[in-house]
Structures are given as C-alpha cells and as structure tokens.
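Following this line, the structures themselves.
Both complexes shown next keep chain A, but they swap its partner, so chain B is in the first and chain C is in the second.
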Partner chain A sequence: MSDFETVIGLEVHIELQTESKMFCSCANRFGDPPNTNICPVCLGLPGALPRPNAAGIDAAIRMALALGCRVAKRSKFDRKNYFYPDLPKGYQISQLDEPIGADGQVEVPLGGSVRILRVQLEEDAGKLQHEAQGAVVDFNRAGVPLLEIVSAPDLRSPQEARAYWEEIRRIALALGISDARMEEGSVRADANISLRIAGSEELNPRVEIKNMNSFRFLERALAYETERQTGIYRQGGRVEQETRGWDDPRGVTFSQRSKEEAEDYRYFPEPDLLPFAIDPGHVEELRASLPELPARRRQRLVALGLQEEQVRLIAESGGRTAFFDGAMAAGGDPGEAAKWICGDLARLENDGRFDFGQPAFPAAELGELLGAVAKGELTGPGSKQVVQLLARRGGTVASAIAELGLGKIDDLEAVRAEVRQVLAEQPKAVADLAAGKQQVMGFLVGQVMRRTRGRVAPDVASRLITEEVGQ
Partner chain B sequence: MAEQGIVARLAALARLELDAGEADTLERDLGAILEHVERLRALRLSDVDATYWTTQAAQGMRPDEHRPGLEVEDALSSAAARAGRFLLVPGMREDG
Partner chain C sequence: MESLYTAAARLARGEARAEELVSEALDRVAEREEDLHAFLTLLPESARDDAKASDRRRTAGQALGLFDGIPWAAKDNLLTEGVRTTAASKILGDYLPPYSATAVRRLDERGAVLLGKANLDEFAMGSSTEYSAFGPSRNPVDPTRVPGGSSGGSAVAVAAGMCQFALGSETGGSVRQPAAFCGVVGVKPSYGRVSRYGLIAFASSLDQIGTLTRDVRDAALVLGAIAGEDPMDQTASTVAVPDYLAAVEEGGRALSFGVPAEYLREGVAPEIRAEVERVAAALERDGLRRRDVSLAHTQYALDAYYIIAPAEASSNLSRFDGMRYGPRAEAQDLLEAYRRSRGQGFGPEVKRRILLGTYVLSAGYYDTYYLQAQRLRTLLRQEFLAAFEQVDFLLTPTTPTTAFRFGENTADPLAMYMADALTIPANLAGLPAISVPGRSSQGLPVGLQVMAPPMREDLMLAAAATLEEVAAR
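Right, the complex of A and B next:
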C-alpha cells in the first residue's frame, strides 16, 4: 500500500439531564452516595416493569432535529444482552432497527460535513470500581437516559474526529438536554478507526477504542492507532478487528478483546415495552422550540466582525451568547463587548465569581458601560473597577460610577496637578525617564491611576508626564 | 422431560435454595413446558413473522418526575457480598 487515508466513525454517548431515570422514577442525579437512587426496575428485580420517560424521548427528538435527522413516526426499544456486573438486568434497553432519528448531517468547524447515521435512546449502566478485594458496584447511574449518536465513517483525521465530538457536545449544551460535563463522564465516545488506500472505497478491519471521556485522549488514541495500523500494513501484515483500550500515561492502545458483532448481543425487541408512535405535530412543536444552534451562532458572530477566538469562546456557551446579545441590544459595540466577555468577564467566570448563565448584573449594563467609555465619561481602568463591582454586587453602571467616585477628571490642569504630585514622589523614576528609559513610563502612568483611582485616561496621563519631565 | 439435575443447576446459578420437594415440582413443571415447546416445533412457521407483542396498543409514557426508590439496606440485603454502600462482586479485568 502506498498512501493511506484514515477512516473514523464516532459513537458519542450523552447522558441526558432529566429529573428521573429513563425507565423508572429514580432521581437522575450525579454525586449522590452510592446506591441512593435505585429501585426494583433499575436493579432488574423480578417482576419490575420499565416505563419510558417522556422527557427522555423529547430530548432525543430535539437532538435528532438539531442534527437534521428524519424523526421516526414509530419507534421501539430492543434488548442488548451482555453480562457484566454493572448491568443488573443482564441486558441494556437500547434501540436496534427503529431508532428515534436517522440520516442526519452536521457541519463541523474544519471538518466539513459529517453524516449522522442514527440518534437513539438507551440506558446507562452502573459504575464499577476495581479494588483490592474485588469490584464494587454503584447503581445510581444504572438506567440514566443515554443518547447515542452514531456518525458515518466520514472523519479523516484525529483532529476532525475531535472537532466533530466537540460540536456534538456544544449542540447538546445549546439544546439544554445535558450538562455535558466531561469530568463526570456525562459525555463519552467510542471511536472506530481503519485505514485504506487513499481514494479507495474499501473498508478494512476496524479497531474500536471504547469509552473515552476526554477530547485529548480521543485525539491521541486515534493518532497512535493511525501510526500502528500504518506500520502493520507497511510490513505486509493484517489489522485485527478488535476492541482496544487507551493507556494515556503510556500513550499506547492495547488489545482488549476481539470485536463483537451484533449477533453476539442477541438483540431482540424489548417485550416489556411496546412500540410507540411519535406524533408529527409534536415533532413540529419541538422543532419550533429549538434554540439557535452553535453553527448559526458562529456565523452571526463572524458576520459582526469578531475575531476567531472570540467567536469560539462566545458561541460555545449559550450564557455568553445571550450576554453578548444583551449588550448589543443595549447599543454596545460588538468588538468591545466581545473583548469584555472574553477578557475580564471570562476571567471572573473562571474564578467562579461570575456566571453568564445567571449574571449578577444584566447584560444591558455592559452596553451602558461601553457607551460611557465611548463617550469619555469613564476611563479604561475605571471601567474595570465598575465591572468588578457589578460582578460582585450587581447594580447599574451609573450607581457604580457614583459609588466608586470614578467620574473622569476632565479638567486638564487638575490632571496635571495629580501628575506633578506623582513625579515629586518618584524622583528616581523621573530621572530614569529623563535618561531615556521609556519602560518606567508604564510605572508612572500606573501611579497616576492609583492616585486618581483610574479617573484619568492613561494616554492623557502619559502625555502630561512627557510634558512635565521634558520641561 | 427436563434434563436430570437442571433445576438444581439453575437454582445454584440463581442463588435459590430449594428443598427436595420444591426441586421435584419445578423439574416436573419445567419438563412439561419443554415438552409443549417441542410440540410447537412441529408447526411449519417459515412464512409467519415473529410476534413480539400480542397487543396493538402503543407504549404509554411517564412524566419526568422522581420519587424515592429502595433504601440501600433493603436493596443490599439480598446481595451475596457488600462493601459499605456498594455491592461487591468478584474482581475482573478492567476492560470486561
């Protein structure tokens, strides 16, 4: 073989954020003490019968619509049989041949268009921890609704696979159907990867890498597999169809077991659940309720002239997008609003001191702030203090300016008096500046800011310092 | 007839304790069921679709509300082994 092409398909699993589990009324809640949210249904006790959660079905329909899928008029559940201690019934309720959604497509940043084969509902398994005395099982997660989104093998590189997965996660967040927390395992992916001669249509034996919960792991594991399989073909060998695990510390995949075929799971229609109809009218209602999706958000932000990184940061969060839109509506300049959202406010958010989803002050106040700066009523440094105060206590820009005493000092002679005071207190810096050390200028401007609590525009301060020192 | 000893084997797998009388009764019942299934095999069904459900009704849905289920002590009381609030099972390879 000469030049190879990587062929990757992804199965993304997303835990739905419902009140209750998929087939019983146990709470669907992460972080409770082990085996708190359990009942005869999710423990698979004899005689217990499942009943589907309407909200789980709706979430699946909404995801199917967001991915441009055809929504089935009739759907059903099937049993997927396998034996493992995290699966108390000995089978998982899943969907085989009548999934809720099929034949969709999603546009992935840098990755082009990826076909979606199916969107189906199933239930999550419990959690197994391996310990010295054996394995311990917590069934809180058993029966939590799990959405499985299966892509066609349309991805051509580990980077594309990652971009696709990230986009699916962003869509789930935009729809509000999942908290999509990677660190809690709410979003996981299985990847199928094979190689073929570039341009050919054949599909070679594929390796499945299961249960990854990090974008970085996925990208690294797929990069490793590409090299491993290339090496095998170059030496004239054959790639085994199998499941491999990813060992991140060692940076290698390792053989786990030969790949199951569907027959191994002895699928059959779930006898405890009847097929169900999906009312087209209801589907249209759900379609009408879809929020703006990330791809559309990005287009809109790009059209406003924002920088690529700003677009990415704002569009990936519904809260940030809404905040940005709110500031725009209040007359803010798009570029300036983006700077605040991706700068000071994003930093406050990272420190847990601001939440775009439940902001301490309305987005319109950011618009007000930008207006005040543009009109020269507030300096750059002063505006930072205002935002800090608003993030801490809420309120309005006007009240914060008054409270902080930040009205800009417009009287040039008053500013000059402040500058002279600073220069008198900093003879060494003045000498250095006079000797041509321009780097002390920042320090001196900072001193003026400190003295005036940011009420002087930095460029005015700088100009007056130059004038004063030059005299 | 059911295979000799099959009930005892199934009971062991299901962790059921049966006395001799119960085992005999179950073995007789199981034998009768298997005989009946054997008779059904005589039917020619190659052109009949499988019947998975015997009703045309559609599945009803449940509103998304949660309520308490089992207490952990009740749930684990039938477990063969436990470790605190966890069910304990024999160790196995991580990959399953």
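Right, the complex of A and C next:
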C-alpha cells in the first residue's frame, strides 16, 4: 500500500499591539472590564463610520516585509458579510483582493521554506461568553487590528505546522507589533489539511480546523486529522470538504459545517473607506527600520558556537538576544555568556526576578563578570552570588565583589589553613575519605566553600584536602 | 412663510425673536400636521426652550450667527443625540442615539432650533413615504397625492411652512424628487461634500445629506453650514468650502448649459418636457449659451443603481439584528432570533432590497452584477465629465411626472423606481444637483434640475439662482 503525504496550510491571526483600535480611537487593551473600550464605531451603531489607524497599516507592512512579501502599492479594505452576535456590524472589515502584502517566504527551523500567500489587515470581533443567564458579549476586542497571514499548503506534518506557527509568532514578537500572548488569544490559527499519495501533485478535499489558540492543540488536531483521513482513504472512502473543530479534552476533531452549509461572505469593497496608496519610500523606511529577525539571529548564534538549545532560548527573545550581544560587546566569551543567560538568569526571569527587556544591571556587567572569572579574580560560586546581588539591586560587578567580600583567596597557605580547620571539624568525613570513599570529597569542598563564602576555587580546595588527608 | 434668509435678517435687526418664529412654526404644525404627517417626532418643548436660549444669547450680543434661533427639521435617519431616531422603521423602535450626526451638530453649534424629526420611507428606501412604517406624509399642494420621497416629511415641512428649512438625505433622488413634488428647492451635494457621519447608511457610496429650502439662496446658506471635511468620515472631502452665498448673488448669466436629450425622452410627461424647453429658451434669451450634449449611458443608470444600492444596503442593514439595540424577537436559537427580529422589524420594500442586494453579491454573481454595475458607473461619470468640458451645467427635469396619487405605484416596484430615473445619474456620478421649482402644471409643482461638475456647488447654485429667477417669469 502506498504512503500518504500530509498537505497543510495555515492561516495565522495575530492581534496587533497598537495604542488604539483599527477603525476608531478606543483603547486597544486586553483585560479591562468588559465593554469599557467601546464607542459608536466599534459597536457598529447606526450612522457610525470607520477611519483607518495608520499604525495598524504600518505594522502590517512591517510584517509583510519581514516575511519577504511584495508590499502593495495600492490597497483597499473589503467587507466580509456574515451574522454572529460578536460581530457588531454584521460584516468584518477585511481585505479580499488587494492585501497589504503578498508572495513571501519564510524559513522555518527544521521545516524548510514555506511560501506566504498573503498578509492582510482586518478587525477582530468581540468576545462571546456563555454565562449562567445566557450568552454575553464583550466588545472591547471588537475592532482590534488583526493580521491574517496565509501560508501556501507547504507544510508536510503537524510538527512542521507547529514550527511554522511558532516562527511567525517569533517574528511578530521581534517586530514588536504584537505581544503575541497565546493565553490571551492574541495569536490564533486555522489549519487546512488534506492527504495525497506521496509524491503526487493532486489536491484532495481539505478539512479546515478553525480557531486554535495553542501550539499543542494545533499539533494534536492535525495529528488526529491525519489519522482520521488516512483511515477513510484506506477504507476506500472519500474525505468531505468541511469545517471541523478541535475538542481537546476528547482529543478529536468534530464536524462543524459541511461544504453545502459553507458561508457565502458576499465580499465587496468597503465603501466607507477609500482605497489607499502605499508610498514606496515609506515602505523602504520601514524596511530599513526592521530589527534583526529570529532566523538571522539564530544563524549568528550558531556561528558563535552556541548549543542548539541555547540558540533557541536566546534567539526567541529580543531581550535575551540584546543582553547576550551586550555581554559580547563587553568582551565576554559567547559560550560562557550563553550559559549564564540560559541558566541562572533564565531561572531568575522565570521567577519574575529578572527581566531581559529591562535588566536590573547592564549586559556589559555580565561581560565584566566573565572576565573576572576568566582572570581568576572570582570563583564560580562567588560569581553566582554576584549575579544574584546584581539582579536584585543592580550595580557593577566590582562593587558587588567588594560588598560581598568575595575577592578570591589567592594565598595557598591561607587556603590550607581554612582546609585544616574544616578537616578538624569533620573527623568522620576525613576517616571516610581516607578509607577511599571519594563521595565525601564534594561534601568537604562544600564545607570549605561555606567557611570562605566561595572565595576559594573548588579545584584548589579539593587538591589541598587530598594533600592534607593523604599526609 | 418667509425664507431663512429673511427670518435671519429680521432676527438680526431685532424685528423678531426666535421664540416668535418657533411659536409660529409650531402653530403651523398644529394646523396642518394632522393632515400632512410631516413629522415622526415633534419637539415643541425643547424647541421653545432652545428659542428662549437663542433670544437670551442675542440680547446679550452673543448670537451664534445667521442660524441662531431658526427652526428646522431633520429627516429621521439623521442621528440626534438623545432624541428618538427611527429611520421610519420598527426595527429601531425607540432608539435614542448617543451622538448627533456631524451635519446636525454643525447646525446645533450655530444655534438652529430643531423642531422635530421628519418622516421618510423606511431607511430612505422609496419615493413617496408610503413605505414609512409609521404611515405616509401628504403633499401640501394636494393631500391626495404623495409628497415624494424618501425625504418626503422634510419637503412637506418646508413646503407647508412648518419650518424655515430641513435636512434630508439622498441615495438616488430622495431630496430632489420630493422637492420637485412639493414645490421647494432641494440640493444633493457632490459625494463627499457633506460628512455622512451620523446618517443611518442606506448605500454608503451614494448616500449624501441634502437640503430642502424655500429658495436657492437658503440652500446656499444651509449647505455652507453643513459642508466640509470631518475627521469622522474618511469619504468627506477636504476641499475648502467656497462662499456659496456669493455664488448665488453673482448668478449664472455668464455660464453655458446643455439640455441632454436623454432626459426628455419617453416616460417624461409632455408638460414637464415643455416646461424644461420654456425655461431653456428663457435662459438663452438671458444670454446663457446653450450647447447640445449627449449622455448616452443615462439609460443604464437605473439598472446600475438597482444593483449597487441594494448591494450596499444589504450589508449596511446587517447591523439591525436585534442584538444590541431595537426590539429582539423571542426565539429558541440564534438563527431564529435573527429571522424573527429582522422579519418583524423590516418592512416590505426594505426586505425586497436586502434580498436583491444579497443576491447580486452572492458567489458567482458578483462579477456579472456588482462589478459590471461599477464599470457602468465609471463610464457614466466619465461621460458627465466629458459633457462638462462642453458646458458649465446641465438642465433637465427632476422627475418624469408630477406628484402621483397614493397607491398609484405601490403595486409595481418598477414604476416606483422610475420616479428616480432622472435623479439617479447624479448620485452614481457623485455630482452636485439641485431641483428648483418651475411653473406648475395643472396645479402641481414641476421640478427643474441643474447638475454641475463634482465639487462645483458654487457653480450649481449660481446657475440655479438665475434659473429660479427666469422660471418665475
């Protein structure tokens, strides 16, 4: 029996982080009390008219550029008509045939090259919530600018689809056009999936899985759908073109709408908004101001010899990358800097005690720290204490070393005196060590560290312990 | 009743007080409203209060200008903050808008006194006010006849002397046609000349707020007050508003004009044709140059209009779903809630146009209908612009017939649509156009239409002022 190939295309929706909504001046802010950021325009009251937010258009152009798209010289908005209680006007202002960006391409880690068909600007709908007394709608989200990024059906597995989506999200973050918070629904995706005989070019009826808001859901839903469609074909059946939803608790997709029931959106040009020209000069200005994108970042970090996991961790955050670059500029070793950023500092960040975006101490101080360790002025354990202090209070490495009294004890005889003191206090451990139990060495070194507050290099302590016990 | 200009002059000279003007207007309403039904909402108390406030301002030397204290009426599809606005539809119920239309606000700021909200065909869809959900208005010249529509109530209020001026709205002739039927002056400005913010949308690419006044000079005054750019409406033009009053005073004797033959063909009543020819000849005698022009695409205008307008309307009216305002019908599920709320809320003509619009925008039909209609619209506009290379303005009848009787056209939608055949081209091309009363025929008013190049309201008003004078001879 021949093998099937999975054909997947993704429509990724990203809410833009503009000050105001796309077509009115209401605040674009998540988490405010329901229906507080609303006005006649985003509520779709009679007589209200939209007016476009230039910041939204610029963000769309920047995304289009980042994805290697051709930016339209002339663009326009269209109306997509359908009824739903969260859609105040009975139509969504979207783009049909003149999107801001088209024909791009993005390199996905492990996924190869994925073509981008279009980058279009539209408005989000309100949020329908089901409560005890019935359904209620919060219109704070209605009119929030939304980018839709449509890929070609170039993805060949659920894993690739996920990697692609993650990369799009990283690019949006790098551009600073969205906070891209999955848990707030500011990034969502619809997936189109079909199967075909491997190597063939035919396209079979596809299933659209709507409105997923987590990478894991996407991967699971696509894996399930691959299995389901494979099963149908193996039994000689036909896959129906339809829209399906993902039921995560049950781990299945379920039919929502058949092809016959598919909506006819009756698109037509939005007559309340003028078609607009996009000045090529302005596009070039935006292109020049693009930050380093994640793919380029990763290449650079790999070239510096970092490990795969370090590259991933650092490159996915603009703050971490900037911090890394700052430490490099101050003369730090790339590998050592990466260890700190992906180790102690990442843990501090996870605990909410450090923010790479607004670091408590300048990255250059990490460079200083690495230099001090390399020169033997500071021990490994001492450096940890310095970093903790800097993360808590800021300041410089020099001042932290002085404050903590961490200057390394270089005088061998002074160290030996400390070692002897420890050995005198730990007769049992000494006896064990003398009997060949090497496991207690770590304990004894630790005791030396404690006594000296980390001012002795552990290898020196270990050597002296061996000498002393051996005598 | 005197014109806005005269009333304003008397107020300015201290010969009249706003309170008197408003009282007279309300007396007139009390006398005739029962027969004519011009209004859907009357505001006697707030009008009297506003008038008193106006008089106090004037006494204190702080009058807000020419409009301060002048009573007026707004078509009930123009939003008025805190004042019931229905668009003559049950689906809006007792809707109280939280804001006023830009045009309304501009008159408020000038101290004009809003007397009430005028009747119209539901959502401005109709040519007689017979499609108002709250009953038709009647023509003051002959109450057995329709006043025209959709801005019928506005035209009646001005024609019957209930107020000095009124605002209406146009999509395909809804100001000019009732102006012609009732014997007043009606202006449809160029698309974009007046902000549409706060006008309940019918067809966004055609809609425009217009004026109904006693004469051309008043039209210049009102248009000057409401025209101009508005940050709330991107389609409102940023072109500066010229001094329209100066244009009226200058008149149109130095202008050239054309009478396109396509506007005098079959379907146009002989006595109306005769009136246009009479006035054209009189203009020529007064020194205006006449050149023949042809507008061959006129014959397709009605077809294009009845694709574009319903298409946009079907989308614009989607928001009336019973969810956020207006009555919501009891229902078991969402689809039923939509069906019932809209089914009970909309009247027959509105439903007809929503169906028509939904059909022409459907997948597979878009190119055949909507796109084709837009192409035709472009051709029509180009043809007009070419004609305006030849002549300064065009003179045509406003309507093919004089005011018809109630029920005469309600059984045949197409016959009703024909009432707008001569006005629709200006909407499609975005031109300014005005209807000025000619000599009545068998006691019924006849409207003469002047069309001018886009954004040349000054030229249109200058021509209309001369036409008004010549036609009255």
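Here, the second predicted complex is superposed on the first by the 465 of 471 C-alpha atoms of A that agree within 3 Å, B and C clash if a C-alpha of one lies under 4 Å from a C-alpha of the other, contacts with A are read in each partner's own complex, and residues count from 1 in each chain.
We take it that a contact is a pair of C-beta atoms (placed from the backbone, for glycine too) under 8 Å apart; a residue touches a chain by one contact, two chains touch by 3 or more.
Every value quoted in this text rests on a predicted model; they were computed, and no experiment measured them.
A.B. asks: Give one word, clash or fit, describing how chain B and chain C relate on chain A after superposing.
C.D. replies: clash
A.B. asks: So, does A:136 touch the first partner chain B, the second partner chain C, both, or neither?
C.D. replies: A:136 contacts chain B only, not chain C.
A.B. asks: Can A:57 be said to touch chain B (first), chain C (second), both, or neither?
C.D. replies: In the superposed model, A:57 contacts chain B only, not chain C.
A.B. asks: Output check: A:49 vs chain B and chain C. Expected answer is one of first, second, both, neither. What do you get?
C.D. replies: After superposing on A, A:49 lies in contact with chain C but is clear of chain B.
A.B. asks: Let me test your reading of the model: by the given contact rule, A:40 touches which partner, first (chain B), second (chain C), both or neither?
C.D. replies: both
A.B. asks: Quick check on the superposed pair: does A:358 touch chain B, chain C, both, or neither? Answer first, second, both or neither.
C.D. replies: Neither partner.
A.B. asks: For A:266, is the partner it touches chain B (first), chain C (second), both, or none of the two (neither)?
C.D. replies: second
A.B. asks: Let me test your reading of the model: by the given contact rule, A:235 touches which partner, first (chain B), second (chain C), both or neither?
C.D. replies: Neither partner.
A.B. asks: Between chain B (first) and chain C (second), which does A:79 come into contact with in this model arrangement: first, second, both, or neither?
C.D. replies: A:79: touches chain C, not chain B.
A.B. asks: Please determine whether it is chain B or chain C that touches the greater number of chain A residues.
C.D. replies: Looking at chain A, the partner in contact with more of its residues is B.
A.B. asks: With the two complexes superposed on chain A, say which partner A:274 touches: chain B (first), chain C (second), both, or neither.
C.D. replies: In the superposed model, A:274 contacts both chain B and chain C.
A.B. asks: Could you pull out which residues of chain A sit against chain B in one structure and against chain C in the other?
C.D. replies: Touching chain B in the first complex and chain C in the second, residues 40, 43, 51-52, 85, 137, 268, 271, 273-274 of chain A appear in both lists.
A.B. asks: Could you pull out which chain A residues touch chain B in their complex?
C.D. replies: Touch residues, chain A against chain B: 18-21, 24-28, 33-40, 42-43, 51-57, 84-85, 128-131, 133-139, 243, 245, 256-257, 268-269, 271, 273-277.
A.B. asks: What does chain B use to touch chain A in their complex?
C.D. replies: 52-53, 55, 57-67, 69-70, 72, 75-76, 81, 83-92, 94-96
A.B. asks: Along chain C, where are the residues that touch chain A in the complex?
C.D. replies: Residues 78-79, 85, 87, 92, 95, 97-99, 101, 196-201, 203-205, 231-235, 311-312, 314-315, 317-321, 323-325, 334, 338, 358, 361-363, 366, 370.
A.B. asks: Would you tell me which residues of chain A are touching chain C in their complex?
C.D. replies: 40, 43-52, 79, 81, 83, 85, 88-91, 137, 264, 266-268, 271-274
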